[in-house]
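Chain lettering (A, B, C, D and E) follows the sequence in which the chains are written, and residue indices restart at 1 in each chain.
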Amino acid sequence: MNILALFIIIPILTIIGILCTKDHVGTRLVSAIGMGLQLITSIVLIFMFYAERNAGNHADMLFMVDYMWFQSLNIHYLVGVDGISVAMIALTSVVSFAGVFASWEVKDLPREFFISLIVLATGVFGFFISLDLFTMFLFYEVAVIPMYLLIGLWGSGPKEYSAMKLTLMLMGGSALLLVGLFGIYFNSAPNGGQLTFNIMEISKITIPMEAQRFFFPFTFIGFGILGALFPFHTWSPDGHASAPTAVSMLHAGVLMKLGGYGCFRVAMFLMPGAAHELAWIFIILTAISVVYGAFGAIWQKDLKYINAYSSVSHCGLVLFALLMMNETAMDGAIIQMISHGLMTALFFALIGMIYGRTHTRMINEMGGLMKVMPFLAVCYVIAGLASLGLPGLSGFVAEMTIFVGAFQHPDTFHRVVTILACSSIVVTAVYILRVVGVLLFGPIRNEEFNSLTDAKWFEKVSTITLIASVAFIGIVPIWLSDLIRMSLKPILDQLSSF
Amino acid sequence: MERYGIPLEGFLVISTAMFFIGIYGFLVRKNLITMLMSIELILNSVNINFVAFNSYLFPENMQGNFFALIVVAIAAAEASVAIALIINIYRRFSNIEVENIDEMKY
Amino acid sequence: MINFSYTIWILIIPIFMFLLLGLLGMKFKPIISGVLGTIGLGVVMLLSYYAAYQYFFQLPRIDDAYQQILAHNITWLNLSASLQIKMGVFIDPISVMMLVVVSTVSFMVHLYSIGYMKGEKGFQRFFAFLSLFTFSMLGLVVATNIFQMYIFWELVGVSSFLLIGFYYERPSAVAASKKAFIVTRFADLGFLVGILLLSYYTKSFDFLNITGPVGIEVTRNLTQTFLGMSVATWALLLIFMGGAGKSAMFPLHIWLPDAMEGPTPVSALIHAATMVVAGVFLVARLFPLYSFAAPDALTVIAYVGGFTSLFAAVIACTQFDIKRVLAFSTLSQIGYMMLALGVSGYGGEKGLGYMASMFHLFTHAMFKALLFLGAGSIIHAVHSNYMNEMGGLRKYLPITHLTFLIACLTIAGLFPLSGFWSKDEILAAAYEHNKLLFMVEYLVAGLTAFYMFRLYFRVFWNKEPHYHHKPHESPLVMTIPLMFLAIASIFAGFLPFSKMITSDRLPFESETNLMVAIPSVAIGLVGILIAFLLYKKDNVRVEKIVKGLGGVYTTIYNKFYIDEVYMFVTKKIIFNLISRPVAWFDRHVVDGFMNGIAGVTVLTSRKIKGAQSGQLQHYAFFFVLGAIAFALIFIYLWQ
Amino acid sequence: MTAYKIMFYLFAAMIIVFSILTVTSRRILRAAVFLLFVLISTAGLYFWLDYQFMAGVQLALYAGGIVVLIIFSILLTSHIDQKFTQPHWSKRIMAATAALSGMGLCLLLFLQHTFVPGTNPPIKNDMTAIGTQLLSTEHNGFALPFEVISILLLAAMIAAIIIAKKGK
Amino acid sequence: MNLDQFLIMRHELLLIGVVLLVLIAELFIKSDKKHHVIPIALILFLLYTIVGFLPAKTGVLFGGMYQTSELVILFKNILNVAVFIILLQSASWLRKDINHERISEFYIILLSSLIGMNFMISAGDFLMFYLGLETATIPLTALAAFDKYKNKSAEAGIKFILSSALSSGILLFGLSILYGTTGSIYFTEVAEKLVASPLLVLGFIFFVSGMSFKISLVPFHFWTADVYEGAPVNVTSFLSVVSKGAAAFIFMVILFTVFKSLSNMWGDVLYLLSILTMTIGNLFAMRQKNMKRFLAFSSIAQAGFILLGIMGASELGMTSVVYFVLVYVFSNLAAFGVVSVISDKTGLESMDDYNGMYRTNPKLSLIMMLALFSLAGIPPVAGFFGKFFLFTSAASKGYYWLVLIAVLNATVSLYYYLLVVKAMFINKNDAPIAKFKSTFTDRLALIICVAGIFAIGFASPIYELIRKLSFGL
């Protein structure tokens, strides 16, 4: 059996397993085992991928499986991975594994919660392994829709409003996306022949320029909405603020990466001409995202809002780097996706744990938590440092790769926006330190907090998994970077053909 | 295309007039039965059309004629059901004013 | 051929200590952590000394020049075909010199801290952070390429942040650590952009390449300009901005005085001896580039250095917190070093300033560390930072008093202490180059002597206030470092620096310029005399003078209100004028627009509900109208 | 002016006048009677066109059946002497506008259009032909609709019964 | 009438047989045992449905008045399945005392209506088409008023019959014009003789208006909500699924065959209609509280989507429409099934009554959620595939902006579907609908629906089969 099928099968089996459980203990256990298996599988996948590459298999995609699905429309169930997808799958596994542990103590309807969570993860896995636009779109929507229930049912604050807003905006994004996909599909055989949704096939032909110009914005914005592209990012603060811990983790950590991944795998890869022509518009938008998100975060009082705006900034950097369209920058973009995925998941996990204890997320109402929950506080500091780009943690690697790459453009426009984007690292430092300072340091402001406890074992599992991953990438980045770099070539060839 | 000095358009004018008079009636009459009568006018005008076209233009077959015939039969069925429903309404609402029948709206 | 590969242990030991103490420290007894950290650092120090010995005395020179050796260089990250980030150990005169400085001071501080920090909460954490800092600093000095330097530069910043904020429950410490980090981070942005610019043209990060002939050639011949300045100048100025941030040059100096919130050993280690000279080290590292490709940038550096030294010296005269006095003194001394680099030429005698700068860096590390540790000892004894609450301490703290006096004399530049030699070289270099700056430095020399002895007299002589506890001398574990450093301060001046550390790595003979040296000593003595007169006994005269100065004094006392300007910029402009409107804009305009779409939809939905009136005839009316409208559209309007 | 023409105009005038009266009369029974007149006049037109069978059906089913049904239901549901109030003037104007504009459009198009008559020879339009065609299953045979309408009538009858029947 | 003819017309003839058997059963069953008609009718209809699936001949009968093809047969089978589900769902409702006297009448009328639809979609000329249409509609109006003890039901009946009479009057006027301009009522002949002229356009538009009434396209849709709300749930589901599906199908067939030379124009007519329909349908659906009325508007919006498929004017378009109807049958019937069960058990029909239902009736809530997701077009349930292919069809003709509007409308529709989901899952309620056990027939119906919702999307052979049978312009 193909290893990629496991990424769909394991979650489904896990869901079935959960349905068979009677109480919440069993539910947790089955979910943890399922996601643990998933994590192991993805590690195995990495090794298999390397083995395959070392054995001299230089196909663009490995482990491809192709089933004809809807023959007359030439829709396939087509999966395969390259280094980038492998990395994204690993990210997803880590985050969903940590997510299960972070939501260990869900009280209300635990079975439903874990099932929804795993459905969400399944969608993401499916998305990353898909090479057929139809399948990809299908999994994309599978990933988005459980969010509604997850936020609406287990969220906090104005959860119903946020859940609705998030779902509708993302679905609105998928509306644009769908138009883009149709455009690609119906232009996939400009010289006659069979239309196809197969990404690799389409990349071999050239979609007519007028079509590219028309459909590129649809596709890019469609994915960009999920990637929190300014000004379509406003679902993100509300959505994240209301979502339960694991959902924020998965959503900011993984789901938002679907946007970035789609932007280059579909929009830019298949429509390189328009990507070149229209890049400047989106570069401006993303540069705004980067700076704007960072400045927006400074003023926020709610931990989750801060992190949501920070995500806007960081995810903006992903798209920004992608649009720079050179190897270094794109490499950086993907590292940034993974890095941001891990550290934002870590952030949300910690925020959830802190919230679970203090029952407030307003930084003004807290203070001095370092004293009562040193473990969580230290983890929070580490997450913060990763976020502001401390060397030795993943954020630094990603940002530096991006900046060096973006700076390879000799013209003033690219350089000025690059410097603008660079300046976000200072602003990031400002808001991260502000939070750390107010939240963790200083005297304890609320007497009741003196009796709070530190992390429990499952919370430690969750955070340590994530921190280990963040540090691993930060210390040995070349491993990840080369994994990605190997696979960037076809995309860069495609882009440089214009 | 004239018959006895009357062109086809003569019939068409009559039928059109009758049709829109029927429509007018349907739009303004308050009583359900009078609305039903307007419907009959409409159907009748259609019949005139069919018969006139058949007779003037296509006497080669009798499609229009039969069409009209079937329409008459359908009109009868429709009228019977409609009247049953009107009586039902009368039982429930004690009147058959169309403007009173607006329990469901928006 | 001598193998330097063991130098990697200089990096490995501290980081191992950090991990060990950071992860498992809580399991140990505090004292064990301290001892472990100190022993680790001791080994590092010995290794450094051994490396220095080998490098300067055993390694054969090529064409009389000291070699540049890449002891290690592994690829850490591939960025592009030509750009790789590597990690390694680079051995050349200044890095070896810095290894010695850093490991020595660090070891002393470790040792000292065992006593000073005894009983503090988070003792283990403190040593872990110290190890982390030492690791970062050592990594910085041995960096083989500018990016490695940047990486460790950032790590140094974070370690500094962690150590300044060590007393995290004290809001002022938290604020200070935040300020330090953000200000240096801002400067690092310049550094980063500078690196990006420079590496784009030189296609390399490696110092060997960019400061080698090829790099210089490429950089010199850059024709691109931006806003009327050559790209090379821009790049180097931006890099200097990074250095200026770390070295607290005006106007990025504001974080350093506040950084004194950290434990005193930290101030000695980071904010006096090692980290703050990183900026000087950076400029020295890239000196060939500055010298050949951007002489304008060097001039800027000279003036910034000169101005900072004067500015800080003036402020130092008015401060009452002894650590702050020392902090401003540090600023002033680093200003000296920068100035020396700025007035230096390249090669041989012309590179006197370079040599002098490094020399001063070395001696300053010793005596400033001594001063801080001494101050720590004083604070330890009286539990206060304020000189108003001190006086007459010479009786209680004999060792501290003596070593402190030595340090004061050294910094005042009295013959034959080390400060004299190094400062003299700087003055000589400035004299050759720029008379204005030279005169300024004379003035600063006098001021330095004055404020140091103001401190000295007020603390150790003067009136004795009422002490809650009788002050007592610090334990041996603290005084040993003091004594060691005092010895170093005295004798470091006799090191033949011009034989070892020069701009082109070729040794040359330096002579003492008596025309410069004698007046400088004289000025120092004058400063001491004034301090003696004013502060030996009581403060009556001082108060009169202060009254006489009026507003000028207040301005100086408040550090020329630079902090207030920054507060204005950050609070008023960035927070209130940028961030708050952005947040508002986002919530009300961008999000409002999205909500507006939803709102309009709902509103429309409500408005048109009347169409479904429940009236059969209305429905029929719409029906007929619809049919007619469609007919009209498609008969008359459609094509 | 032949008698045919006069007859046509007479029928036409009757149809239009009585139609208008049907939808405007304020007494419901009168309206029903006017409708009857309209239907009879229509039958007259069919006679005029020589479509006797159609005219017969019109008279029997329409005039005889439906109108009687309507009158019965009127008797069941209304007072004979009840006079309607006029509908609201705005409603009348709106409806009249819609109807007149529709009528204008239709008439315009009808009069502009050139009808193309069929080219095949006409068939004789007598009872035999009608009977044959009604039961023919060939092209232009109408056996199927003739059968199917019985289902409709059955269903309609049952439907009318269950609705009109007094339930529990 | 020989065997071949029988085989060709077997759906209609067998169905007439079923009706007659029910009628006979009615005569022979004692008046206090009337409910025995229910299993009889169900079994008969099931047999008929199964027979319908057996392979059989296709062809043209009655000189072109009746025609059938494999696609038509497939479509009839789809309708049969839908009706079977509806019959299952209505069983427990019919068992109620109040309906006791009228059980077999219900079946007769409903099945007669189905006969009408079968004739309608098999029609080869406008007369049979019109006759089928009326046969399908007129008896149904009585069913809308079936709950005659309720004002709403009576109101639904009268509104339905009068507006449907008006619409068929206008439709007929259009047909008469078509007849006058082309000289025939046979589809094939009309198609040959069709010459575009303003008068013809007028006739065509009147025809479209009449059809739009049946499919409830805006602005000809106003009756829909009132009738759906007032009619008994099962009748509503019949109206919204079977009636609408059949009308959409024949509409498409007529457009494809008769009006193919006007395809440019009707493409644009449908463009306008679909935008209006989706948008207005959604705008009204958003604020509904009554579940039946809510589903009525939702089904209006769905009709707008169907038009997108028709606009493809190709095999692809036809396939997507038939496929969508198939998907729609299961999704909508699942939704109506839940509404029907709850309405039967508790008499509650308001969305607010559904608050917190998941806690007491999780299975029903889940089925409802799946059904609504399917209607909204969310994967992995079948609705996603249905919508996707409809959009593909429109996009294949280059209507990208329309697709965008449609998908945005789908997003809006998701909003109100989620409102129901929200009510069931999220909203708190102190007294949610009590836990109850549904009857065997109800459960069977829902299981069939759920199986359909899941299976159809993934089962590409179904799609390929339809594709093989479809034809374009």
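Things worth noting here:
As a working rule, contacts are C-beta pairs under 8 Å (C-beta built on N, C-alpha and C of every residue); 3 or more make two chains touch, one makes a residue touch a chain.
Please read all numbers here as calculations on a predicted model, not as lab measurements.
Of all chains, the one whose mean C-alpha position sits at the greatest distance from that of subunit C is D. Top-ranked chain pair, ordered by C-beta pairs in contact, is B-D.
Of all the chains shown, the one with its CA centroid nearest the global CA centroid is A. Between subunit B and subunit D the centroid-to-centroid distance comes to 6 Å (mean Cα coordinates, whole Å). The distance from the centre of subunit A to the centre of subunit E, each centre being the mean of the chain's C-alpha atoms, comes to 42 Å.
Centres computed as Cα averages put subunit B at a distance of 96 Å from subunit C.
The distance from the centre of subunit A to the centre of subunit D, each centre being the mean of the chain's C-alpha atoms, comes to 70 Å.
For subunit E, the set of residues that touch two or more other chains comprises 127, 131, 134, 138-139, 141-142, 145, 148, 157-159, 162, 166, 170, 180, 183, 198, 202, 225-226, 287, 412. Annotation for subunit B: residues touching 2 or more other chains are 19, 22-23, 26-28, 35-36, 53, 57-58, 63, 66, 70, 74, 77-78, 81, 84-86, 88, 101, 103-106. Of all residues in subunit A, those that touch two or more other chains are 168. Working note: touching chain pairs come out as A-C, A-E, B-C, B-D, B-E, C-D, C-E, D-E.
Residues 105-106, 109-110, 112-113, 115-118, 136-145, 148-149, 151-152, 154-156, 158-163, 167-168 of subunit D touch subunit E in their complex. Within the complex formed with subunit D, the residues of subunit E that make contact are 16, 19, 61-66, 98, 101-102, 105, 108-109, 112-113, 115-116, 119, 127-128, 131-132, 134-135, 138-139, 141-143, 145-146, 148-149, 157, 180-181, 183, 186, 197-199, 202.
If you check the complex, the residues on subunit D that touch subunit B are 2, 4-5, 8, 12, 15-16, 19-20, 22-23, 28, 31-32, 35, 38-39, 42, 45-46, 49-51, 53-54, 57-58, 61-62, 65-66, 69-70, 72-74, 76-78, 84-85, 87, 91-92, 94-96, 98-100, 102-103, 106-107, 110-111, 115-123, 125, 129-130, 133-134, 140, 142, 145, 149, 152-153, 156-157, 159-161, 163-164. Residues 126-127, 130-131, 134, 138-139, 141-142, 145, 148, 151-152, 154-159, 161-162, 165-166, 169-170, 172-173, 175-177, 179-180, 183-185, 225-226, 229-230, 287, 293 of subunit E are the ones that touch subunit B when the two sit in their complex. Listed in rising order, the residues of subunit C touching subunit E in the complex are 601-602, 604-606, 608-609, 611-612, 614, 616, 618-620, 622-627, 630-631, 633-635, 638.
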